[in-house]
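Shared chain: chain A. Partners: chain B in the first complex, chain C in the second.
So, the complex of A and B:
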């Protein structure tokens, strides 16, 4: 899971603040500063999968975040008989309780996508910090961090989330936290092993010898070298977040009626999918497109930076 | 080898202990009040108090935990808040139903995945391989319920009405007499685990085909069929076993959603409905069962992988 040397990624931070030190420390690494973020992005976008994935994601995000502006009706207002067919006032008919399908669809995506993004940022961020410390400091502290994270791994993520919601009830914050927690050990593992691999290298040991503060070494030297596997993890985890949060919503642990989200829209109208497919089909398509898009983009990025997408969990 | 098995077993027991603490903590020790959760916010203080007395909710937490764990270890799973029946008899049938579902999934998915993995490895970078890898990428991105609902849309609506959309298994008859009901849930689960196994088998096969012993076998003039089946294939046993066991563990979570999609009366649906109705004893029992299954299968994965990989057998990890 360690990035091959010839395709390590440099962030602008290391390219500017760390140049002088690095030139002395590790001459062979100089090619990495030439191979900056922009080059990696260009290499990624040259792959067809990346372009397709990006477009798919952007389309669904536009629907979810800009959609409410174009909603023809109030998503909570009953405007017709249940399961009215498309036509007249409603473009795509009405759902279970006679509310406009299109309006509810346009309003139902933002929460899920926003929560997924936040949960991924919180989870991957925490996992990154713990993994960095565990990988760099090793020893008892590192072991302690990694072993206690393993506890989370003894539960299927969905089970853990449901368990906490059984007594605390469902709130967006709780959904965010439980989903974030389920990401931490996976991200920490990847970051720990990548960090371990870098820590032994010459340029880090040189910095330690000349007395660069530990924190500077972590942020200036180690972090840039693990950006590639970390970004891949972020993409993978984002896909899982969307999956998990949509699943929770589908099972009834998302927003509560009359508010709407895509998962709940599917479960509410599933029993009459034969009579009126739209209220099920639209959110199913949207979730499919956004998760497949995220996966394609991550996959292509992983290929461009040479990180193996070891999928687990 | 023996040392490693012992270590892993100790580790598994330790995880199970931690799991029990988490299950207990999440359900009984958190600030939320089980009595209020069950009886509602309008319950009289006296009713709440007698409820707490009945279920010993006023004892100190460590005492509650020890009693709870003791009961579970002796197989006394408690009495359902919602129905008043013992939890054991309530979920017995559902456990059996889920096991049938999981068994059917494994029996279908594993051979299918191995064949697909070998095929795509042999035809690497050709049309078959590309189509398969795109399909696997799409499937592995989808949430379980989306895949399930998509299959319902395909096979149980106007598109083609060949299978039942929901699977309300009749408890008075054997599940084996109602096999049409488990087709769609099984198909969903098969598709869910397929990408992981196919990917692993394909990667191992490609590695094996590029190895020196395969080149040697080819140079000796051995038929390609024999090279693949007799020389390359046996080396995939370890990794394949590991990924299959991991898929099984994944199924512990997967059944929860898939059973709900099809209203299949299994352990997963029991869990969701007990969480929705806040039926504490059922939640605890089912969560423990699923977690035990999860931990045991992971243990099996580790031990089996070492046992099946000759180079690892000698190690004392």
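So, the complex of A and C:
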């Protein structure tokens, strides 16, 4: 066997020089198919981290999306004196302007989570496309894409977002777009390097040789092979989205009073956090829990597919 | 050669007795009853196919059992100590110092982030050579012995700055650094081309001789080992089926399995009939009760299957695990055989037909650096042409240019008078159907997420050419490459290396090509699997008149399959002609050198 000319030797699946050794009297191999979606999910959920993460995420999402149905008061109506303590009509007291804390909390999550999800989908999607093209076509085109993304990468995401906001004003769409843009270079980098590794493999070269259209090679051969790292990136980016959008809302770039979101709740009530902790504590806890949950789930998924990638080939 | 160990009375370098390895769960045996003893300086060749347990034995010699397995019995006495009685910590002090290991892939045992000097020093520090002066002196001495530079500039290098052969020499140096009693070498030359392999083998022999180090050399290729080892042990299904002096085993193999292994080794010096071993190695839990080889043996009797076979003494230090050694026909002697199957090149070579494929002044480069300097080549229809050379000779680049996988090239390639573009994207669908390429690494050449059937269908879907339902065509293609139709629904990971390569052959044949390019397609396979693939290709070529290019570094394979051979060196053709003509009377010194480096049982 001649060492191949390109140096794509370090990829896990190319450890063929070792397969003979691995195969020798190895324990009888279980019949394994290429991992179907269901098999991967089952393997992921077998991990305790995944189950805990899933529950945490579901709880917070239920609060955010179903919460408004159970809201005891109009979240915008003043129903008592500022910072009234829990009791009587208000389960968790009132906030700065005498509005019900629980109602505002239940109404303030959906927009944050929804925006986070959309920003992640848009950002990761764009990053994926650019990364695929840059990794597969390389050359001038790839260089151009990756170097311009490096420019974006050199700004801290929050700073980038603030820059856009202060130039263009605030609107939910703008928040979504700026957060999405901040994701693009990170996702593109991961996708580019995974694509590069897959492109060097024989099955992609074979497709090129028989003349499968490039777009079909990208969608039919390369994309399925990089689903695992892509999904991990998506999960990670989701948690960043949540904290970034909550931070922006905290800084006043979210919804405007009297409408409510969790970030705004924190900033409005932080001055009296000692006297009246609930209006700050609730959104902080919710954001923390959903972020930790998403992280645990992502991490477990990564481990589940990582194990699988190691056994392939 | 052939130190007679029966008469050896001194202390053995290593004594292995009744070594047994089992799976931790299910009481399944992996290897059992492995016993041998090696005198200082003696080299044992441990031979077997994939799945025979040879690597398990190799690593067990260092007291190591891979995850899921455990050493459950036996003794390994080195330097008066039974390694299996030691605990982990004590064992670590022995490994590397008293018994060391050379793996198949040198990259796996060199730290890519450490300079060579530091890595070599580390090995000595761990085993207590205290002074820096002493360490450096020892390192320089060993590097000299493995024929590597030993100056400071070399010691400051990183592993990736070395070639594969140099890396393997560094690992050899590492394993001999502490002057061990025993070295275990696990297929250390399988990834190297023949010339580098010959160098490494020579180095191993010199090191073992000069340091009186015993060695266990694990390999699947009898021809590689026959020349190097003093004794040969043939493994099958976890048992030593034959042990004897190297010459004895090579010339008078007693066990049917050893004989079969000898028969499948191609030879560069004579055209042998390609033979195969029928069936395949049984999985661990399916091993037969009686003789482990019974299911594949040509001489099996009902009695063979009844109970485990005892050791039969054949001669001085020569034993076999077979009750029928007396009954086996005398194996044809080497000389006799060479005349019996004397070279008869195909008619196509004797009477060259019209030119089918022509290459004119082909120059190819990578990133501006020219690697092919003007190749001129004509090939008649239906002829099998071997492209031969070391790594870096440009043989693969030439093949890729023909296959449409490399377009940084100038010159002309034409098939049947039509000019072929270099990039596959610029070729017409008809051209892409005509020229098919098979990759060296079958597991990378198949999408792991697609079933075998889907992979084989792909060229038919893209290029057309199937009349009738695809599934029917796939089944007939699978049958052509001797795979069952049930393989269509399997994934590549469920197949063996040889089966995967058969699938890529089936895929290449799907569009009924006229030109087939095979890029080192057997060099990662066991010799026995290789011969089966060669036989298959030979049959396919004869049946369908395929014009085939076979890229390889192994002249023995060339002799077995090709009609014509083209020898490449540093991007130029140095010699070409009919195989028997070129290999019997090589004109160019480079061809002679390649021929001399190719392992052959004739030398043994």
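Some notes on this structure:
What we mean here is this: the second predicted complex is superposed on the first by the 272 of 313 C-alpha atoms of A that agree within 3 Å, B and C clash if a C-alpha of one lies under 4 Å from a C-alpha of the other, contacts with A are read in each partner's own complex, and residues count from 1 in each chain.
Just so we're on the same page, contacts are C-beta pairs under 8 Å (C-beta built on N, C-alpha and C of every residue); 3 or more make two chains touch, one makes a residue touch a chain.
Since the model is a prediction, treat every value here as computed from it, not as a measurement.
By the touch criterion defined above, A:247 lies against chain B but remains apart from chain C after alignment on the C-alpha atoms of chain A. Contacts of A:211 after superposition: chain C is touched, whereas chain B is not reached.
Applying the stated contact rule after C-alpha superposition, one finds that A:203 touches chain C and leaves chain B untouched. In the superposition on chain A, A:68 makes contact with neither chain B nor chain C. Of the two partner chains placed by superposition, A:98 touches none, neither chain B nor chain C.
In the superposition on chain A, contact of A:82 is made with neither chain B nor chain C. Of the two partner chains, chain C is the only one that A:221 touches; chain B does not reach it.
For the contact definition in use here, the residues of chain A common to its chain B contact set and its chain C contact set are 311-313. Remark: chain C residues 23, 28, 30-31, 50-56, 66, 68-69, 104-105, 107-108, 164, 186-187, 190-191, 193, 220, 238, 283-285, 366, 391, 396-397, 403-405, 424-425, 427, 429, 432, 436-437, 439-450, 455, 458-459, 462-463, 491, 493-494, 496-497, 507, 511, 520, 523-524, 526, 553 touch chain A in the complex.
Every residue of chain B that touches chain A in the complex is listed here, in rising order: 15-16, 18-19, 22-23, 26-28, 30-32, 34, 37, 137-138, 140-146, 149-150, 152-153, 156-158, 165, 196, 199, 246, 249-250, 252-253, 256-257, 260-261, 271-272, 274-276, 278, 280, 283, 287, 290-291, 294-295, 298. Contact residues of chain A toward chain B in the complex are 150-151, 154-160, 162-169, 239, 242-244, 246-247, 250-253, 263, 266-267, 270, 273-274, 277, 280-281, 284, 287-288, 291-292, 294-296, 299, 311-313. On chain A, the positions that touch chain C within their shared complex are 1-5, 9, 13-21, 23-28, 31-34, 201-203, 205-212, 221, 224-225, 311-313.
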